[in-house]
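In structure tokens below, several structures.
Same chain, two partners: chain A is paired with chain B first, then with chain C.
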Partner chain A sequence: MELQFKSELTISESGFLFDHSTGLTYTLNSTGQFIFRKIQDKQNAMHILNFVMQEFDVSEETAHKDLDDFVRQLKEFDLVSR
Partner chain B sequence: MTEKKAYSKPTIIRHSVGVQNKFGRPPATVPINRLDGFEVSELAEKYGSPLFVLSVKALRDRYRDLKRAFSTRYPNFQIAYSYKTNYLKSVCSILKQEGAWAEVVSGFEYDIARNIEVPGNQIVFNGPYKSHEELTRAFNDGAIVNLDNYDEMQVVEKVASELGKTLEVGIRINMDLNDPPWHKFGFNVEAGHAFEAVKRAEAGGKLKVVGLHIHTGTYVDDVTIYSRAAQGLVNFYSYIQEQLGVKLKYWDLGGGYASHNTLHGAYLPAEQTCPTFDQYAEAICPILMSGPFQAQDAPKLFIEPGRAIIDEPFSLITSVVSQKRLPSGQRGVLLDSGMNIMSSVQWYRYNFQSAQDSGTMLEDTIVYGGLCMNIDVLQASSSIPPVRRGDLLVIPHVGAYNISQSWQFIYLRPAIIAIEDGEVYVIKKAETRDYVQGFEDVPGKFITN
Partner chain C sequence: MNLNIAITGLHATDNPAPGIGVIRCLLHDENWNGKIIGLGYDVYDTGIYDKGLLDHTYLIPYPNQGVDQLLERIQYIHHHIPIDVIIPTLDSELAIFQRIKQNLKDMGISMFIPSKEIVNKRSKQNLVSFCEEAKISTPKTVVIHEQGQFQKAIDEIGFPLFVKGVFYDAYKCKNISDTSHYFDEFRKKWGFPVLLQKPVNGKEYNVCCVGGVDGELLGSVSIRKVGLTDKGKAWSAITIRNEKLTEFSKKILKKLKWNGPCELEIMVEERTGELFLLEINPRFPAWIYLCTGADQNLPKLVVDLALGKKVSALPPAKSGITFVRHATDMVCPLDYIENLTIKGELHY
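Showing the complex of A and B:
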């Protein structure tokens, strides 16, 4: 699955996210930031899942479910294309 | 191999304007992972989830604080605990140990009090419907009976004839104190009905009016309502004393004192608005002491607290079953407990606290109960950290009405435990199917082909 951000987004070191097109702001936790940066690096969802499992102490089942939920949320917020 | 980082669920939260009130109430991010010294997770594992947990210390402390506040301001004071709020035998027994009398509003509640050996003369029997048999039993036991209506007065006159003696009674009165006023119980003062009722009771020759009872409402967090009720009692007593020669043995200000739970629609959290017991007592006692009597003859003052002493001591441990995204983008969390055991969600915005360290990333969440009913929403909007299936939440201050008004529906109702001095006691076992269906019978005719 190809994930792509719709507009120009700036994320700070602390996980504060600014959407230049809407002016809306968000906060991401560390795992959220990690995934966010992988999307910026144009990784697809399968690869991101592997990166998460390499980086963090988490089972595949949990990581997969959480990643799906996170991506769903990015779509709800209209940050990535549906 | 390098050590992997600790994982937390990836989360993104959109900032919105105007979620916090102007006092910027800090959201509850501190997990409650212990209750009275016991790990929440261990309690849930051992006794199941959901699980009601009573802190006996908190109950005794609430009771003692209330008693202290009033008895230091009024010479002849007695708490009659409102059984309907939570009539678990252990709760009623602990409060009996503390010196509480019982305030009951039905024959069933009366029976609960007698069953744990509350003496008849320490029971206040209110309620709009008391049967002939129940009234006879109460007068035989020497209970305090407050009359709600003329039909009841007639029945009690009959009981007096049957017992061959004059019976002492209290009259329930109401006043225009709140908006909308509580007119359901007793006789209205402003309309002259209360005076008529006292006059009528005395005129029949079988009854003697020795008490007045008023219950101003429930969750009354405006102490001036109690001041007005107290002034109303003083004025009314002065009037019936002067006109009819009535001498009161007691007056009863009912219940209604607020607990530390926030009502829906309240602007400020209850921690900032709930009056202290001292504030209630100060609003009531000096006014009553200005009544038409010498201090040493002060009528006994009863109050009938319910939620104010029983809400705080109980918590509910409940598990997350699932979480989902709604089309609106809002997060939904589904719990294993429903409004069948949490009926007070109608009134209260409960706090849902995580029982494990879930971080500080709070997100606006709709909290669904586990019932297969669309209306089973425990909270339309609550700030909750990321949680996943199996995580535990603790809902504090759930002691009032939830248990006595619970209903059994599709799931079995959970166990209830009490903790005191480092010991856990199961005070009510979780229901079983046999328990629920035990009174059913299937006639053979319905089974054979």
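Showing the complex of A and C:
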């Protein structure tokens, strides 16, 4: 399943995220930044899950939870569609 | 080209007029070569003391003093400092400048403002019928012309609702008691009509536009206000790039054949994403200086249009540019006040 951002978003090195269509800004922690960039690279959810497990050396359960939490927040802010 | 440009609306307090922002835009242009003439209404209009921005200041009569007084004063100024272009920046003076447009033209002074008929179409009491005709969404609104229509209007809109004065201000009311209070306040202040409007749940955006001779959109900067004063005025904002807002603005200007600057207030409904036109302010907004950061010098564009130059539509504005307004104090000698009080003019 591929995640897609609804509008043009840019992220800085520090994790400061800007939505060009609404002017809203967000700050992302390192896990959020990592997942965000994988979504930008058009990786599907399964691949992102594996990347998170490898990058942060966490179990599938933890990675799943982190990914679900992040995607839920992206949806809450109306930034992503599936 | 050496130009003398006169600008009104220089009183910049916590509800700033746009004139100072317009001047800063003109001075921002790397090819600027001219003089700025500030036209103030009162000795204590704040902006007229800014010698860093102005070359000359003249006091002019308030619009309610009539056409002849204003024309006479402009003739006097023009005799001393020949004016090429006037940019009026206040809602309240637009009608009188429309009336003297031809006289000014005969004197060699240009303006680029829409006609009275076009401006009237977007007035608060006419906006609903314009939007219906042009198939542009606007919040459900009832225009009340007499006391007897009050209750029926409330029944039609329901709570919550906004009570809006015909010129300025709007208050959100959740019950009959608050609605009656603000309705009476507006009625006493400005008379009828008073408007009741259904709120749209969503985010508000503002777009500063310049329409060309036939209402074609030549430039626009869209913003989301980030910080507001207690009067709801922008104290900080950020530019955005939103194709839906631009297309909506293009449609509005084209339908109105709007030739000149304006500010559109637009709500994007949260549930549906639908765009609703709230208001059209017939002038530059006070935050206009932000447009220079977004690479769209809209006041310069208006000067070029006033001079009859051929202009092309500007490239899209840059997004992510922010402004933060801060108050400052200007210190000036007594003779500034003396000159303005005694002679009604000041030359830096």
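Note that the second predicted complex is superposed on the first by the 81 of 82 C-alpha atoms of A that agree within 3 Å, B and C clash if a C-alpha of one lies under 4 Å from a C-alpha of the other, contacts with A are read in each partner's own complex, and residues count from 1 in each chain.
We adopt the following convention: a residue touches a chain if its C-beta (ideal position, glycine included) is under 8 Å from a C-beta of that chain, and two chains touch if they have at least 3 such contacts.
No experiment lies behind these values; they were computed from the predicted model shown.
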{"item": "When chain B and chain C are modelled together on chain A, clash or fit", "value": "fit"}
{"item": "Chain touching more of chain A, residue-wise (chain B, chain C)", "value": "B"}
{"item": "First, second, both or neither for A:Leu24, with chain B first and chain C second", "value": "both"}
{"item": "Contacts of A:Val58 with chain B and chain C, given as first, second, both or neither", "value": "first"}
{"item": "First (chain B), second (chain C), both or neither touched by A:Leu74", "value": "first"}
{"item": "Touching partner for A:Glu8 - first (chain B), second (chain C), both, neither", "value": "second"}
{"item": "Inter-chain angle, chain B to chain C through the CA centre of chain A, in degrees rounded to a multiple of 10", "value": "80"}
{"item": "Nearest-approach distance, in Å, of chain C Cα atoms to those of chain B in the combined model", "value": "7"}
{"item": "Set of chain A residues, in rising order, touched by both chain B and chain C", "value": "24-25"}
{"item": "Residue ranges of chain B touching chain A (in the complex, touch as defined)", "value": "4-15, 323, 325, 329, 359, 361, 386, 388"}
{"item": "Footprint of chain B on chain A - complex, ascending", "value": "17, 24-32, 34-36, 54-58, 62-63, 66-67, 69-70, 72-74, 76-77"}
{"item": "For the chain C and chain A complex, residues of the former touching the latter", "value": "203, 223-224, 226, 237-244, 319-320"}
{"item": "Footprint of chain C on chain A - complex, ascending", "value": "8, 10, 18, 20-25"}
